[in-house]
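Below are the structure tokens for one structure; questions will follow.
Chains: A, B, C and D, in written order; residue numbering restarts at 1 for each.
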Amino acid sequence: MLYIGVIGTGECTASEASLAEEVGREIARRKAVLICGGRRGIMEAAAKGAKEAGGLVIGILPGKSRQEGNPYLTVALATGLGDARNAVIACACDVLIAIYGGYGTLSEIGLALKMGKPVVGLFTWELVQKEKRSFAVHQARSAVEAVELAIQLA
Amino acid sequence: MLYIGVIGTGECTASEASLAEEVGREIARRKAVLICGGRRGIMEAAAKGAKEAGGLVIGILPGKSRQEGNPYLTVALATGLGDARNAVIACACDVLIAIYGGYGTLSEIGLALKMGKPVVGLFTWELVQKEKRSFAVHQARSAVEAVELAIQLA
Amino acid sequence: MLYIGVIGTGECTASEASLAEEVGREIARRKAVLICGGRRGIMEAAAKGAKEAGGLVIGILPGKSRQEGNPYLTVALATGLGDARNAVIACACDVLIAIYGGYGTLSEIGLALKMGKPVVGLFTWELVQKEKRSFAVHQARSAVEAVELAIQLA
Amino acid sequence: MLYIGVIGTGECTASEASLAEEVGREIARRKAVLICGGRRGIMEAAAKGAKEAGGLVIGILPGKSRQEGNPYLTVALATGLGDARNAVIACACDVLIAIYGGYGTLSEIGLALKMGKPVVGLFTWELVQKEKRSFAVHQARSAVEAVELAIQLA
């Protein structure tokens, strides 16, 4: 069974949420487990999409309480690790899909790439390493393309 | 939904495994999620009992690879945290049941009690704090008693 | 250079502090680095003893801010890991001295023993593993005895 | 006392090492503590520069053994956390200087920015968040400029 991480910010617009929800739905349809940070925004939208399509959704929370989890998680894990939980998310997944995203998402991308996990991006950070010009994140243009690319890369 | 941790060593005798399996089964029958360290021994036996009774079992692994998980986990989370994953197990549960157990189990008992989570013991460490004589682990005598006590305490 | 951990509660009586301070002083006199949890009580007293004797003291804090460190630390490291920082303390030391102590101390003893690090106790937890009757913590009666025993065991 | 993190890869060219060493030296001259990942490459060069200028250098290692630390650390802390130790580095510093760097460095930049810590870059990742075009890393052109900028920002 494939574990696909969906990473993104805890706040987002309705159209960003709609994209994340579609990503979640496509993951569940392909019988993969969705791993996320368990909170609001992109994480909640992806969890909603997967949950409503009958998928298994694990939220790996930074705080000490499950109460901070969104309502669409099959299992909410309170880690108490703070931002170090980002490393746990990256470690637990086979492949990650970054949707938009801020600094936390950036750190998860970095951690995943460090661990050798492929990362697919949907309108997320463009990473250019000065002088080396590496583009490590595989850019996709739609939810379906992102999930199919993720499964292919994993 | 209640999250019950089952903690114990990665190696155990057949009769110890049998007790752990019964604990897992009783947890699943009561529709609680079983959280464990995901490896062999007591963890595997409890996971087997819960899985076969239709329960949801989460294994929180110390290493970087899901391959080290036992075959009865609904979801195996590779944390890469080493022994620090014991703190994640304690944090993620509402209550823990310690079955026999070595030093790792001892650390999880300590972490859980520090976080204010109740711990039920089945033939596990007896903890006596010198001069204060505190007995912090609630001792049970059977799998059913342990699970019922855990649910009551949570 | 030897790294000796001193573990104990964040609150203590004046006589407990006095013992911890003596332990810290003896550690510094033997040119070992003192590692502790960085907070008040036993940790602060041990840090004070070592600092005043010219020793190097590292505090590994659970929270996100150095402000929670006591004033006797050479370096205060805010980890943001919560109670999982106990595993870092155990991992960073060659040997640990537990002075009195509550559940957090118990967890550090368990983690250290799991990692194969010797633990010396001064009026701390007595650990009896049911049926196996193991006494894993080396009991000492005085600060000097504890530090000498720790150095011998490391 | 200011804590300045120096982050970069575990392998580097001689000229990259020379720049890192100068950064370390400038940090020590300004009486700041240098925090790094404790290993080879950029980390070792920066540690060397600081140590030889009389500075205090803390290495926060990913593994379980101090042996993996470079020889210029005042204190080497084995965390056993794997890549999650990157979050500890970011948390422990007031400001970070990224020198060149790969994916691990990228994750540390993301974690630091997420925690609200300023990051100064020397020939490191250029971060462009699609559509928002944020440039979160303060670019410097020399070791002295980087350290002075870091102190100003902290």
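We take it that contacts are C-beta pairs under 8 Å (C-beta built on N, C-alpha and C of every residue); 3 or more make two chains touch, one makes a residue touch a chain.
Being a predicted model, the structure only gives us computed values, none of them experimental.
Looking at B-C and A-B, the interface holding more C-beta pairs in contact is that of B-C.
In this assembly, the chain whose C-alpha centre lies farthest from subunit D is B. Centres computed as Cα averages put subunit A at a distance of 29 Å from subunit B.
Computed from the mean C-alpha positions, the centre of subunit B lies at a distance of 39 Å from the centre of subunit D.
The set of subunit C residues that touch two or more partner chains comprises 64, 80-84, 87-88, 91, 115. Within the complex, the subunit D residues that touch subunit B are 64, 80-84. Considering their complex, residues 81-84, 86-88, 90-91, 100-111, 113-115, 123-131, 136 of subunit A touch subunit D. Subunit C makes touch with subunit D in their complex at residues 3, 33, 35, 56, 58, 60, 64, 66, 74-75, 77-81, 87-88, 91-92, 115.
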